[in-house]
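Encoded as structure tokens, the structure appears first; notes follow it.
Every chain is named by a letter (A, B, C, D, E and F) in the order it is written, and numbering of its residues begins at 1.
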Amino acid sequence: MRENLLKKAWAEGRATINGWLAIPSSFSAEVMAQMGWDSLTVDMQHGVVDYQTMVTMLQAVSTTAAVPLVRVPWREPGIIMKSLDAGAYGIICPMINSRAECEEFVAACRYPPKGNRSFGPIRAFIYGGPDYPVHANDHVLTIAMIETTEALAALDEILAVPGLDAIYVGPADLANSMGKPPGFDQEEPSVVEAIRTIVAAAKRHGVRAGLHCGAPAYAKKAIGWGFDFTTLLSDARLMTMKGQEIVAAMRDRPAPGAGGTY
Amino acid sequence: MRENLLKKAWAEGRATINGWLAIPSSFSAEVMAQMGWDSLTVDMQHGVVDYQTMVTMLQAVSTTAAVPLVRVPWREPGIIMKSLDAGAYGIICPMINSRAECEEFVAACRYPPKGNRSFGPIRAFIYGGPDYPVHANDHVLTIAMIETTEALAALDEILAVPGLDAIYVGPADLANSMGKPPGFDQEEPSVVEAIRTIVAAAKRHGVRAGLHCGAPAYAKKAIGWGFDFTTLLSDARLMTMKGQEIVAAMRDRPAPGAGGTY
Amino acid sequence: MRENLLKKAWAEGRATINGWLAIPSSFSAEVMAQMGWDSLTVDMQHGVVDYQTMVTMLQAVSTTAAVPLVRVPWREPGIIMKSLDAGAYGIICPMINSRAECEEFVAACRYPPKGNRSFGPIRAFIYGGPDYPVHANDHVLTIAMIETTEALAALDEILAVPGLDAIYVGPADLANSMGKPPGFDQEEPSVVEAIRTIVAAAKRHGVRAGLHCGAPAYAKKAIGWGFDFTTLLSDARLMTMKGQEIVAAMRDRPAPGAGGTY
Amino acid sequence: MRENLLKKAWAEGRATINGWLAIPSSFSAEVMAQMGWDSLTVDMQHGVVDYQTMVTMLQAVSTTAAVPLVRVPWREPGIIMKSLDAGAYGIICPMINSRAECEEFVAACRYPPKGNRSFGPIRAFIYGGPDYPVHANDHVLTIAMIETTEALAALDEILAVPGLDAIYVGPADLANSMGKPPGFDQEEPSVVEAIRTIVAAAKRHGVRAGLHCGAPAYAKKAIGWGFDFTTLLSDARLMTMKGQEIVAAMRDRPAPGAGGTY
Amino acid sequence: MRENLLKKAWAEGRATINGWLAIPSSFSAEVMAQMGWDSLTVDMQHGVVDYQTMVTMLQAVSTTAAVPLVRVPWREPGIIMKSLDAGAYGIICPMINSRAECEEFVAACRYPPKGNRSFGPIRAFIYGGPDYPVHANDHVLTIAMIETTEALAALDEILAVPGLDAIYVGPADLANSMGKPPGFDQEEPSVVEAIRTIVAAAKRHGVRAGLHCGAPAYAKKAIGWGFDFTTLLSDARLMTMKGQEIVAAMRDRPAPGAGGTY
Amino acid sequence: MRENLLKKAWAEGRATINGWLAIPSSFSAEVMAQMGWDSLTVDMQHGVVDYQTMVTMLQAVSTTAAVPLVRVPWREPGIIMKSLDAGAYGIICPMINSRAECEEFVAACRYPPKGNRSFGPIRAFIYGGPDYPVHANDHVLTIAMIETTEALAALDEILAVPGLDAIYVGPADLANSMGKPPGFDQEEPSVVEAIRTIVAAAKRHGVRAGLHCGAPAYAKKAIGWGFDFTTLLSDARLMTMKGQEIVAAMRDRPAPGAGGTY
């Protein structure tokens, strides 16, 4: 089976960077896959992406070595299993708030006897190789989102669930849940403390941790705190940031034919 | 009929900036339409976009005041007329190399007696208004690409075609055709001279001129030479440039938990 | 944030009319959006529409002032939140039969502390404006369908759920549930009584009410009973009704060349 | 090979009615196919439909006995042949203005030795049957649009082209070309005369004739003049007409709870 | 209402064969529908198919007499009801492990008072006929998958659920659940015994039984055990098997121009 | 630039085998790409595939080493260039009947000064590498179809066109054009002679030759005659052949429960 390069990098003590796909297009996915991200996540929760388009995006990512991940819209076995069958090498599941929810999520990602994933890895066979059924339980990453005060309260119970590979912090939801303004790259002390509490707990349990970030400086700081991987922005945000820069830079354009100092 | 804001701006002596859509997605088109471009061109020639997707992109652009343009794949009446029926307020036609080609192109954009455009403005009625048929000939922009040595040789004949509103310079093809390396923002003297010759000729004939550029500095220089509008990059290029910046900025990331100066 | 014009109309004592989109096409959606409906609902339950197509339909509706609503297939947080993120200004949720179900539905539509909606309004930011996160809880309509005898029995409990903006009566399901033939514009006394009971209860609780109708006469009668909004038919039904009229009118066509009295 | 029911009806002296598909959706196509039209035309010229969607629409039509036709965007062999391979039982080709254009069109629809259609009837085999290659030249309808003054001037030459089955009059383009306002159901005397001239000439040459109409009364009048088939409106127009009726009928709706005479 | 030919065949003591659609394309579905299968199942669980594509596949199947079935991704009322509304004449539901789960599944497929299916058979009206609402409860097949040890333990309780028409054995999941290697055409004695136990129990309860098979020999053996229908492979597997045969047969191809014994 | 493995194989004296994609699906394309074909051709002429779908199919093929080719619908520069920009490593162009047509075709595939291909290799950059513009003229295969008596008569003139890499024989069209029944694997002596004449002429001109075949035995025979590559059937035909085998093998199935010799 094709190796999961994220597990390899983390085992070697390297932090990985994750790109984020919210635009429903296999072409933009392939463009993103050329940039050097270690992994790319198709976001079916807040991204504008549904299953049928997602598959073509996983195919596009598969033309490169970037590890394909999927964030599912919700903790629902149908879409979790369909995403794995489509060749996702890891599932990010939103809003895991209790041990039971985490167990349910992990079970949906694992073949018996470790879980109840149904058998039919139609494209995973192609992407992973013919021995996928034998090794999938060891390669597919289960990544639970910790993003509410409820989850904070159940942190150790969640982290103790067997088969949980990693947690992922959504800072916007976490802040919102704590009564603070949503957003990336939180500087609000209580939210920062919560984030650091989460990553520290994950480390104690031998669980990997990831954080969604808005800028490299913050992402590097977070890695310094212990995060194993960080996402930076998204395809749509990258496009917007550079587009806004360009449009702003054109504000002082001359009138046609004005010539001059340009 | 809804006014063509490009014609208005140019009449007022203002240069406009054009965004470029190569990603086949109505969502990325709508994101681009939020950035402040005066117009947005769906590129059906070198962009990864076909007619059916293009219509949804025009719809997305129509949620804003940005003027929707389409670059057709080739000088073929079927796709020119379909694009206009879909509500494009201007057509950029590649590879216009002679007076005859230019006449054929312009005719496909104009209702009789000025041309042979077939009647059926199915979505143009919605976008333009119920009096679209009466005024379309005055509002829809015909924009011929001048991008070969052959076109350079026929420049005055092309520019003299009645009903031609603007020309558009593709610097990559023009350079290629002149035996120089293709690319935006040409500094190769012979290509620069050709570009300046084209814009000067256009001005003489009362025809507007546009240029595809890669950076604001060059775009402003080109406007100084007389160009009425410039395109800057494309959705995919914007995304790539910012993505590469971010990935590069993450190269010196620490190991997880290294903490330190961040 | 862009105002929700339905709330405004209702506050001003005006009944609104809602169009219904069952055809999976952004073009037919845009055609429907030109007719003067106050709101348009993309029906993901019984309409032939899935999420990816729905987004393009919301974009098409967004070219006009019609308020975009979505009926979700079921009370499932994933699709409710995705629809809101896509810019729906209200969610119609089928089969709300108890207080608990209503609370769960409303929670999925509200950011903390009023609910548990996850943060990521990717297209809602574009449609609603940059201050969407601050005001969304006040603008997004929660509309619970009351359409079973079970719901009738729990009516007051359902209507008392904080944050519930409106209820919507599906007369076909309601009749079916009562053992009567399904269909719009019910004249069956027991069903009419149930409908009037529902709208009266809604009024008592300060909750708005809507009804799916098949003809203007019935819709106006229902508004007279107290309904704040009525849906009339659907895109597919409108097309069918007029198409059947035309085909019927052609039945007595002559033979080719028969000439005669025409 | 499945019989072409249009040829049968015409041979029996019956006029047929044709529905028109401009909405890009296999579902709306199937809804239209339920109404009793003798044939349905997927309009790839002025309709919002591209090849890939068109195929699904032909499939939807194939669930019924309605004869599937396609109007191609332009006289281009590639799309004519692709449409036939997809199972169209007739091609309506716009803007046939000369004998040469008509010959080129007919040739693209006929296998050698009668034409140069390339062999590969991938879905036509399914729709028509395994003997499609042997009989296709006899069953597939070639329908040339006569819609310009240029075509009027070449009428007899066009009608004399061997293999031409029918002509189709586009009254909007015809009027436009004659300097009259475009539109269906022309009452402008010169346009009416031109239309009657065309149908009379077709009859002389043993060529069938069709007309695009806006109302049954006019369509029946046209059949009386000799037309063998008439189109009435389109899916989008049907929807719009009934929708506008409904919205208008709701204008005098009461305020919620006003009760009263309803 | 259009008869369900599977029920008819089974009542007449005939076993039926089912084709399996995993490729997301209405064209491949139509090709499959030409081969003589009694029924065709669109697999939304392990197939690469989502709702919007599935509808076009049901349309393609509807051009023939093959009975259209859908396997849903999970026991979720929304997608079960949407599939039925789209015209599926039977639902295969994965992972039914208890009486309660079976009751919930059956209820979602039945109109009141036998269940809680919501009313709105938008395309089922077209496929089934105008009396669909009256007869749907009698024609639509409910097919529960028995594929875990948990289900084996609850076999009689599951089979006793009123309204359950058939069970379907997924041998790969069943084997996996029993700690045996997954795969079709099991020869592992304990799995074979479990399969035979299931079919025998179904017969006792008057419930039909189906099995997913990989080869005709095994399928015929299974029918001999009592199975009423068997699936054989899938569209993608058929393509792969023949493709691999062809590629293998070309391994000993000569060098170009080698001529020789061919 | 990524090497064109077909050119390499041919230079090494090896014949290659080509798979054929007519189903419009990136998933079926990826399944086909797993079987060991040296190249895969997306057939936009007789296949049910349009540009937008074709791009996703090229992406799917790009996950493997199979060389991606495209057959365009017709000799039209727009689609030829779009296909190359999408990353096709070769274009098969139908119906090349004269030197002029062949020159036009080749020119559309070559950047100046060897042709007039427009510059904008948006996905070809990704697939081929950043130096694609420099080397594309040497790597992209131009493959002209010889399939009419007209082409036979102009054979040497066509084969002498500079830049023509290969010819491809469509035996169905060739036979049809010669007044013989269309079909693969021709045994009709005059057609066989024509085919052998073509391949011999190609060899004389140093041009590669390919043939569309229906069975390995014939394909190997053709290679023996000198063909450098052969296509075998298509995705849809492979599926059909195996499906028909399976359905036929099930004809003698027992009645349910008949038990017996199985």
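Assume a contact is a pair of C-beta atoms (placed from the backbone, for glycine too) under 8 Å apart; a residue touches a chain by one contact, two chains touch by 3 or more.
Because the structure is a prediction, the values reported are computed rather than measured.
**Student:** Suppose you hop from subunit A to any chain it touches, then on again the same way; how many hops at least until you reach subunit D?
**Tutor:** Each step joins two touching chains, and the minimum needed here is 2.
**Student:** Same residues or different residues: which describes how subunit A and subunit F meet, taking over half shared numbers as same?
**Tutor:** same
**Student:** So the centre of each chain is just the mean of its C-alpha atoms; given that, what is the distance between subunit E and subunit F in Å?
**Tutor:** The mean C-alpha positions of subunit E and subunit F differ by 36 Å.
**Student:** For subunit F, write out the residues touching at least two other chains, lowest number first.
**Tutor:** Within subunit F, residues 24, 27, 31, 34, 48, 50, 52, 55, 76, 79, 123, 236 contact more than one other chain.
**Student:** Using the contact definition from the top, classify how the chains connect: line, ring, star, complete or other.
**Tutor:** Contact pattern: none of line, ring, star or complete.
**Student:** Which chains touch which?
**Tutor:** Contacting pairs: A-B, A-C, A-E, A-F, B-C, B-D, B-F, C-D, C-E, D-E, D-F, E-F.
**Student:** If we count contacts the way the header does, which residues on subunit C are in touch with subunit E in the complex?
**Tutor:** Listed in rising order, the residues of subunit C that touch subunit E are 22, 24, 45-50, 52-53, 72-74, 76, 79, 94-95, 147-148, 170, 172-173, 176-177, 179, 181-182, 236.
**Student:** Can you list the residues on subunit D that touch subunit C in the complex?
**Tutor:** 10, 13-15, 17, 19, 23-25, 27-28, 31-32, 34-37, 48, 203, 216-217, 219-221, 223-228, 232-233, 235-236, 238-244, 246-247, 249-250, 252-260, 262
**Student:** Using the touch rule from the top, collect the residues of subunit F that touch subunit B in their complex.
**Tutor:** 50-52, 55, 76-79, 81-82, 85-86, 111-113, 116, 118-123, 133
**Student:** Contact residues on subunit C for subunit B in the complex?
**Tutor:** Answer in residue numbers: 26-27, 30-31, 34, 55-56, 59-60, 62-63, 123, 126-127.
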